[in-house]
Amino acid sequence: MTTSLEEFLTARRAAGRRLLVPYVTAGAAPGWTDVVRAYADAGADAVEIGFPFSDPMLDGVTIQEASDRAIAAGTTVTEILREVTALDVGVPLVAMTYGNLVFQRSGAEFCAALATSGLRGLIVPDVPLEEAGDLADAAAKEHLDLVLLAAPSTSRDRLRQIAGRSRGFVYALTRMGTTGERGEVPEQAARLGRDLKELTDLPVLFGFGVSSPAQAAELARHADGVVVASALMRRLLDGARPRELGEYVASIRRALDGAVDREPDEHATLPRHRRRPDPQDQVGPLPRG
Amino acid sequence: MTTSLEEFLTARRAAGRRLLVPYVTAGAAPGWTDVVRAYADAGADAVEIGFPFSDPMLDGVTIQEASDRAIAAGTTVTEILREVTALDVGVPLVAMTYGNLVFQRSGAEFCAALATSGLRGLIVPDVPLEEAGDLADAAAKEHLDLVLLAAPSTSRDRLRQIAGRSRGFVYALTRMGTTGERGEVPEQAARLGRDLKELTDLPVLFGFGVSSPAQAAELARHADGVVVASALMRRLLDGARPRELGEYVASIRRALDGAVDREPDEHATLPRHRRRPDPQDQVGPLPRG
Amino acid sequence: MTEHALMSDPGTSGRFGDYGGRYVPESLIPACHEIEAAFRDAWADPGFRDRLTTLLTVYAGRPTPLTPAHRLSRELGITLLLKREDLTHTGSHKINNVVGQALLAQRMGKRRLLAETGAGQHGVATATAAALLGLRATVFMGERDIERQELNVLRMHVLGAEVVPVTTGSRTLKDACNEAMRHWVASVDDSYYCLGSVMGPHPYPWMVREFQRVIGEEARAQCAAELPAAVPDYVVACIGGGSNAAGTFAGFVDTTARLVGVEAEGGAAATFGRAGVLHGFRSLVLQDEHGQVQEAHSVAAGLDYPGIGPEHAHLRDGGRARYETVTDAEVVRALVRLARTEGIVAALESSHALAWVIRAAESGGIAPGSTVLLTLSGRGDKDIASIKELL
Amino acid sequence: MTEHALMSDPGTSGRFGDYGGRYVPESLIPACHEIEAAFRDAWADPGFRDRLTTLLTVYAGRPTPLTPAHRLSRELGITLLLKREDLTHTGSHKINNVVGQALLAQRMGKRRLLAETGAGQHGVATATAAALLGLRATVFMGERDIERQELNVLRMHVLGAEVVPVTTGSRTLKDACNEAMRHWVASVDDSYYCLGSVMGPHPYPWMVREFQRVIGEEARAQCAAELPAAVPDYVVACIGGGSNAAGTFAGFVDTTARLVGVEAEGGAAATFGRAGVLHGFRSLVLQDEHGQVQEAHSVAAGLDYPGIGPEHAHLRDGGRARYETVTDAEVVRALVRLARTEGIVAALESSHALAWVIRAAESGGIAPGSTVLLTLSGRGDKDIASIKELL
């Protein structure tokens, strides 16, 4: 059996590494698969691939726009899967999309298709715990990790259930609100991170509003790593090339690596140029399933 | 005692003459008193002088416009009376206005002022029989003839009352509707004329919509004469001089005179130039009160 | 006329003290007689009354509620109750009168309704009743009002009515009345003139008050249920011609309630007018020293009228009602204030009554703790576009 | 779910057969739970029910009449009864739901109401209830709808609400929903999301239907008084999200009446949709072969929605209700026809229901002599400006 998303991330974390999962909306720009490659090359521990949906309820303007562009360009689930099948970047790929695409035929069919294309995880923000039962079973059958979300508003009791049911990692929302960049790291994020860490051994990654290397580094202190989406998508919409996006991911990578064991108030003065960390130093590349 | 409006008109009628009462809105044009003179010279048997009111309910657009012009030019009752006092045209002058001007102070005061200025009659279209009691008394006291109106819709019983109460003449409305020129002579006018003639010895004059000499002549067949207003006022608004207005009155005069004892279907072929009738041939000029 | 006879049948003369009467051209006298006779007959006929009540109930949405304005009351230190004519079909009290007159017209065998309109509410109500009963409708409306009440013009079109723009004079309600009367004279055989307020020749001021009496009667009963004292200290309504006020006052004229009619400062015939004759009746009229009728000026098209119903002039003379004025600015503020405290967007006309209540309550003119019944004669949808700039 | 349980409590899962549920981000789950608990508690509390009934009565103008459409009935050869939600305060059935939810929000200690709106009726109702209860209101409205329903935008401003233009997607109701949900996620602590139809995550579809049930219950009793058979042969309502239809159907689901929901041809999720998940619930959704939700297109802004309430999908699957479509052109003709036969200018939304009745009666789809109850969900004032060009 091949390494699962969860095994891969857990192993990397075990090696003392802060986890970094950058995001790209499939089809938002021609050659978006090069963006995935650039992310991987820049030290991503997994890459989240957004399957664009017309009504992305949990997404802010940036990812909405990326989704609209992708859909306008004719991006479909089938087409994304075709392109992903050809991708081998050495780290796991995780699909992120909305329930309506997942349930087009059935959750089982969708999971099977993802697995066949080599994806290792699935995030569906509008399918919460109560609605996730069948989908979780279907995913498990396909050795696909269904990642559940936890929010600052989630009760401790419910966090426990989410942590128990989630696979791959727990996606911890830094704040109430939609995706998009924000300045501060909210206190509630720190609390959520601490709570989840107490409740589970699964990796806990923060997402939503991670908008600078320094912020990523600070957030990572309260959990195991971060998902970075809007900050990258904004650059992509502004015309950034895969190489430039990769450089940005690398800068977050450096901040995360530097942040290990540092106090939060030192982050602002992190040296600009640090040795580019080599993921291979820590955990080997992902063998294709 | 001086000749009243009623005596004057009755005498002229007795002389076999069709009565003609042209109208002018006081103040509608500078030198409007010349219009009164021109009318008299052209063979009018009396002249109706409109005291302009802002809301002339029974008047059509032409007389409304004449009234608006007069009011805009600063025409007031006092001013009209001042000018009328200086007028001596040999035929009686009859005031026509609305109740609001009549009742400004009181009907009695208004009648007294008219009489003092030498006017011999008063027509108030929005003061019908039931509301006319006090006013009729006040007018009588001043030897001013309060002319009442009769309409095609008026019942025979009511016509009798109106005929009984009216002084000077009975103003018979040719048709339902406001003043203004109309093409045909309605059948209802003929009937109203016949009815009134049966009921009263007072002169009966048609008014409203008398818009051509031929029509005047035909109408006069059913009664004792006509009041001509809008047809003249339209010409005045269009810039006609007193002389021209006088010529138009003269043409009606000729038609009326020619109409005596003629059948209606001959009117269309009335000779254009007939001897201009001299009122003095019939009844002497009106001595000043 | 003795005190106990206030707001009763004015008899065949149609006189309310010195006011009222029937100052119309002889051509209209038979029509007025015919209408008076038909109305007397209908009003005494339980069948007609039933039919009217049924239509007002199942069609026009009566009874209208009495809404306690809780938040505004608290702010003003009084108990303010709103009689909600804004909730009737077509959105103002005008429908009460129009349904009555349209039924009467039908009973008289008429085929067409004529009407004048200012704010357009009476025109819309007339167009509505005409459609309901299968009659034609022709509505006269000043050009200026057509501009500022466009919504209502379009409503009349949709309802199938003919809207005739009046271009004379001030091009507002007064001129629309003149034109409607003129047209009526010319078409009195098949047309019924459906007058929109307590004005015009007898029997209109009386008849319209009777058709609007339902406001006051409902409110009287509702106040009795709502207020410990059964009767409010004040009964307040706005005055254009005065029909919503007359209908309201009729329910309270025999009580201790103080009756207050509120006029637009620029159209305050009861306050600044002199006795005169206009549109077929004798009453207080805004006029210059020479007797020329003045143009009224109000932000509310429905109050842009230089006269006041004759019965109001009589109530004023006798001291049974008093008449107050408010400015356009106060009115717009009152409209917004009610909207934001109670969630009710009242018509600009109705907001006159409210503006006076607010001023009086805030200045002590109405004692703290007083109970006030205010007739909210209509809703403000029609005014929204025109107050946009004033906000 | 067995037949007798139709239109009852969907339990904690919020499922109506295969539909419904709670497909929202985890961030909103606690809020949904909190609302469900609060609603269950309030709905079982006679004090809350009383307060709601009182406001609906003295403030919103309930009960609304049932108007027999005499002339149109004659033309169509049927008996057509109109349930007059157009006569409620603010002019549509939306107020029933909003007053309920606003009271609930207040009970929950919330300070602000959020709402999406299409035609603006729900937005106006929300702004109204907020003003009434002293809450703030923020209303999300598609830019395209802001243009075509300007009157309602101005009304919301006068009422003190903040109107947020939504510039994404089709710039209509669907996008306003997205934006409102997003905003709710970010402000769930002090804000209550006042959803405007029987859609969204559990408990909304159920709760909104319960708050709208008053339409059906009143109509049921009124039909019993009006019709020899007590129950009409057909019960017809238009469907945007489906709240006026759900409220109406709820009163008749246990009778023999045939229930008909009428959608806009360009937004007919029940007819052309496939099962999907949108805005927090599973139901029938207009979508392309790839699962992208399609833009609805209707002359009626309030029906421009690509989904349908989950309970309707369930009623359709079980055959208890059927769903029909009408074209924009039929709708405008129906609006004008009702205006000219009955003097009622209905909302474009409501005119969909009427358009179907007209077509069915004229084509024999409804047998001659049938009795039809039609919910007239709102008045057409808001639409007058936009249909001007279509007349």
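Just so it is clear, A, B, C and D label the chains in written order, and each chain counts residues from 1 on its own.
Methods note: a contact is a pair of C-beta atoms (placed from the backbone, for glycine too) under 8 Å apart; a residue touches a chain by one contact, two chains touch by 3 or more.
According to UniProt, the chain labels map to these proteins: A, B = Tryptophan synthase alpha chain.
Keep in mind the model is a prediction, meaning the values are calculated, not measured.
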Most distant chain from chain C by Cα centroid: A
Chain A-chain D separation of Cα centroids, rounded to whole Å: 39
Whole-Å separation of chain centres (CA-atom averages), chain C against chain D: 35
Approximate Å spacing (C-alpha centroids) for the pair chain B, chain D: 68
Residue list for chain A, restricted to those that touch at least two other chains: none
Contact graph of the chains (line, ring, star, complete, other): line
All touching chain pairs, where touch follows the definition stated at the start: A-D, B-C, C-D
Chain C residues touching chain D - in the complex, by the definition given at the top: 57-59, 61, 64-68, 71, 84, 86-89, 91, 127-132, 134, 150-151, 154-155, 157-160, 335-336, 339-345, 380-381, 384-385, 387-388, 391
Touch list for chain C against partner chain B, complex: 13, 21-31, 168-169, 174-175, 178, 181-182, 185-189, 275-280, 282, 285, 287, 290-293
Chain A - residues contacting chain D, complex: 53-61, 64, 68, 71, 76-78, 98-101, 103-104, 125-131, 148-155, 158, 162, 173, 176-178
